[in-house]
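In what comes next, chain A is part of two complexes: it sits with chain B in the first one and with chain C in the second one.
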Partner chain A sequence: MDKPWNNRAWFLVIPVFVLVAFSAIIPLMTVVNYSVQDIFGPGQAFWVGTEWFEKVLHDERLHDALVRQILFSLAVLAIEIPLGILVALSMPADKGWRTSLVLVLLALPLLIPWNVVGTIWQIFGRADIGLGGAAIRALGIDYNYTGNPRDAWLTVLVMDVWHWTSLVALLCYAGLRAIPPAYYQAAKIDGASRWAVFRHIELPKMRGVLIIAVLLRFMDSFMIYTEPFVLTGGGPGNATTFLSQYLTRMAVGQFDLGVAAAFSLIYFLIVLLFSYVFYTFITTVGTGDRS
Partner chain B sequence: MTLRLDAITKTVGGAVHIDRVSLDLAPGSFNVLLGRTLAGKTTLLRLIAGLDRPTSGRILDDGRDVTGRGVAGRDVAMVYQQFINYPSFTVFENIASPLRRKGMDAVEIERRVKRTAAMLRIDGLLDRLPSQLSGGQQQRTAIARALVKEAGLLLLDEPLVNLDYKLREELREELRVLFAERRTVVVYATTEPAEALILGGNTGVLHEGRLLQFGPTLQVYGRPVDTDAGAIFSDPPMNFIDGILTDDGVALSDGTHLPLAAHERGLPAGPCRIGVRANHLGVVRRGDQSVAVPARVELAEISGSETFIHVVHNGVPLVAREEGIHTHPIGEIIPVYFDPARVFVFAPDGRLLAAPRSLPNRLKGVA
Partner chain C sequence: MAAIELRNLGHSYRPNPAGPQDYALRPFSMTWEDGAAYALLGPSGCGKTTLLNIISGLLTPGEGQVLFDGRDVTHLSPEQRNIAQVFQFPVIYDTMSVYDNLAFPLRNRGVAAADVDRRVRRVADLLELTPDLARRAQKLTPDAKQKISMGRGLVRSDVAAILFDEPLTVIDPHMKWRLRRKLREVHSEFRLSLIYVTHDQVEALTFADRVAVMHEGQVVQLGTPQELFEAPQHTFVGYFIGSPGMNLLPCEPGEGCVHVDGIAIPLRTGAADTAAAGGGALELGIRPEFLELAAAGRPGTVPVTVTGVENLGTHKIVTARLGTRSLKVKVAEDQPVPTEAALRFPPDRARLYRDGRLAV
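Now for the complex of A and B:
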């Protein structure tokens, strides 16, 4: 029998293609365009090749921002993932009002716009009038997030944990609720300890949602911009200047569009690469493809 | 072990889930708990396992009271409707897990795991993870995990329900052989009468938390204590028609007369309810089927080898089972035939008054 072949099927993908073109491909190509040319205005563009890329790769301050960024993302993951799991494990499992209340309370931080989160913590952390800042001061600790780089760092970190641990907790909670009760019964009959139940039933069963949680939190924290911008403005000095803020400074502050474009592409590739490597690693390890 | 349940009752928030169930389970016996969905089968298994505590009543293991003892202190293994295995363990590690808990040495563990895996024909899959197995293989692993423990009590809660038809039949056959040679008390919960008949042993009929009847499976099948037990231990459920018992037979409510059969002799006159299993109700007249009642066809379910004809007689729904394919237009009035000697007679309150004499001799496919 002849293989049915119909080129008209291509028409069916046109809507998606147009949509993706406008939302992703065309903007990305514009950036590529800027990254290899020096553009002064319409018709005044000069080919510069890889000059911007070389400049970016030799930028000391960029290296610092990258290191800072990686540290920040790792810290975020190291705190939010275990904490989220812990919160999910300690949440009520029934369908009563307590569960609803806990779910609403957990979802609250997720509903607050990023810049408002920054503002909240900016005021909360102030040493003179802020509830948090003043409280820490009252304990005799010399806390000042606008002057002390360590305090600024911790404040940004705590803010992110406050803002996003709920997401991890909610994802894990959904994963936990999907485990049939018979698993726990079986573990009970086997005489398994609480730790064994977590290690051998709950954790493997939460795998799927944990992969999503880690990917989401990694990508999101790696691109963090608004909250530290509002809270510390990247300071003191450059202590909390992460990649996207540095990028904005280049593009908008100094109007180095070529360098900023080249950097954007590198940034984009880094996120893509990290996510890809992580995803491949996580989905291969422990699925039996170890032989 | 000999397990004795002594008037076990379980109430949850005022609702009675298990109502004074008493049972004696002998060592090496195979016991089927037959009941519809929500009859209390799972609740009873949980109580037997020690996962839940009965509200009242006692559980005795070889005469020792173990009622208050939790599941950890009982010698029990369990298989569930869902395929429960440790997701991150290989098949080998899954089967080995109860032995590792006991602290058995590695050589002995390996020997036992391999032997059990061979029995369940999963010895070629020992390195796989549960997620890489088919449903049937996953359930075989779970059964192996329960068997390897060699517990005194093995509970199976509808273990074959989630398997497809073919696998179910295959595994059912194997289970019968596997359990035949053990000293373990096996309790097997199911909704399917056919499963009880094929697996043999004893059957307890559970209905709304009460144990209606318990005894050797064929005996329970042949003499259900009441209409509920009869309906539960028949698939499709037993047909019931109201009538009046007289000296010379039964007068059905539509006026049809049933001549007196041998097993009905000597019964007190008065209202009664007769029960006929679907396989004893036909649309094609056979030699011994002397009684015919008119009925309106509602539906004919054709399975290939047999047809279930749903009819309404005098306002009462009946189901007849016939070999082969039978098509009847819906709404047609046809006679349905049965043999008075194959009829159960129940009192108006449901108690069994008389059952057909001999046990059914063509059991295969009967239920």
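Now for the complex of A and C:
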């Protein structure tokens, strides 16, 4: 018993290790396997090294999709975060039926399956029979999301805002409710304006939930697939073809498994990198740890 | 600074209060003098925070008026009343430096930058916060944060009163003592009107010039610590203040004495008659400090059986049985305690209560 360590402790880690292996590591290694080989069929695989990666990195259409994707995610964050905060701030604070009603209404879009969201907006936005599309046309605006890239973009954006702003609002609402009333009372006594209350009490206290909201909305919008697929199918042309849709087209449509695998890995690294940068930025800003 | 007058003030959290039990604060009138340090003492749920919030203006009373220096402020906001309040948990603005925290109430009121600087530095000096002025308030200890909360009240030179709502709850015991002393210093320097809410009698008695004791939504006594100790106006004050609290024995009036379980206890001439005159339930109250323990059989004493002795180092707390009643007696450390002993009730120290209120 005078051994300073005991290797049997490793047994305790095994269950988690097995779980993670099956849920993450093995599938990921399969993708890595595909990305460095050209596979024609069972037993017919050829080593190609970094060829797929080079091909992906020089793909013009992929670059366009990446730019579109970044623009889309930034637009989503720029609209949904402030809008979510605004909605949360104007929600009732008591425990009455009004609060319950607002919470249920806000949660509704989150409960709808994503392909159904796409279908709803696909019909809603149609210029001939859709309520939204026809109404806009009736105002004299030449709106057509299937033909006009700008309209398609706007429709996809509005759809995402409709679908996900609730999430940001609910998170912010939870953050706001966690602020003890003494803070508001003290601010009142200190003669603080409404803006000062928001800037110096509410915003700092919502930091934690805002970090989560930004990360969730970023990752989710960066991987968006179902809704634009149903709504526009990536069109018109390639106007609303985002990364994951391009990837699916390659993997399933053209059966370019090698290229698609290489692309997947790059995609994964991009999401990881962006999330890391966002996270470190948001956790250090406003804490005074600037050095 | 202002004198605060409460006129027929009452408050209920129910829409239509029918009886006294519906009131969080039963209607009463009272005046808080200008420049004095008051404590508002009572157990949890007795209405002291309700009263404080009404004075500060965070709560509008259901009935009656609040007057500052004769001016009716009942419906004015805390800001308009010029009140400062310190809460149970330190409230600081996380993203600001200590300096900005202290300057915040002044800047909101549009005070000139030079004045702000002068006052912030003076208050920081007083509260020993000067070395931390440039630091972020969020990184300080709880007691330093609570000092900032107080400081935000003190920087305002024209503040009508500063109200404290159990401000030392989250502070370490030794820091509590230092902060309380700091507060006394601040009070003697600025002559501020202070109202300090607490459920801790030591805190109240050491802090305040005068203590208001609250019980079930009413102020049962307002007095100096000495008055509360020597002449409790209400049985609640008797047993809430003091450690252990006052002995209270239900009794019947007799000739120049009262009977506790049939045992006669001599009192001042006429005391029992005066107390019995109004009818109602009588109680004899006497502090453990004033009871005298003696050997059995002395004249003017009643026999008791000692059932327990607690030695507290500086003195002893003796539990004695008189009839079926139990009494606490505080005796000197070196005094012998026989099992069969006798108690003398000094007539000028014994009080009689009728239905809870002091009769004689």
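Heads up, the rule we're going with is that the second predicted complex is superposed on the first by the 286 of 291 C-alpha atoms of A that agree within 3 Å, B and C clash if a C-alpha of one lies under 4 Å from a C-alpha of the other, contacts with A are read in each partner's own complex, and residues count from 1 in each chain.
Please note the rule applied: a contact is a pair of C-beta atoms (placed from the backbone, for glycine too) under 8 Å apart; a residue touches a chain by one contact, two chains touch by 3 or more.
The structure presented is a predicted model; accordingly, all values stated were derived computationally and were not measured.
Enquirer: Between chain B and chain C, positioned on chain A by superposition, is the outcome a clash or a fit?
Expert: clash
Enquirer: Taking the superposition on A as described, I'd like to know which of chain B and chain C A:113 touches: first, second, both or neither.
Expert: So A:113 meets neither chain B nor chain C here.
Enquirer: Kindly classify A:41 by the partners it touches after superposition: chain B alone (first), chain C alone (second), both, or neither?
Expert: After superposition on chain A, A:41 lies in contact with neither partner.
Enquirer: Would you check which partner chain A:186 touches, where first means chain B only, second means chain C only, and both and neither mean what they say?
Expert: Both partners, chain B and chain C.
Enquirer: Examine A:96 and indicate which partner it touches, taking first as chain B and second as chain C; both and neither are also allowed.
Expert: neither
Enquirer: Intersection of chain A residues contacting chain B with those contacting chain C?
Expert: Dual-contact residues (chain A): 180, 182-183, 185-186, 188-192, 200-201, 204-205, 286, 288.
Enquirer: What part of chain C is in contact with chain A in the complex they form?
Expert: 56, 58, 77-79, 83-85, 87-89, 91, 93-96, 104-105, 108-109, 136, 138-139, 149, 152
Enquirer: Please output the residues of chain A touching chain C within their complex, sorted ascending.
Expert: 180, 182-183, 185-186, 188-193, 196, 200-201, 204-205, 286, 288
Enquirer: Can you tell me which positions in chain B touch chain A when the two form their complex?
Expert: 46, 49, 51, 71-72, 76-78, 80-82, 84, 86-90, 97-98, 101, 128-129, 131-132
Enquirer: In the complex, go through chain A and note every residue touching chain B.
Expert: Within the complex, chain A touches chain B at residues 180, 182-183, 185-186, 188-192, 200-201, 203-205, 286-288.
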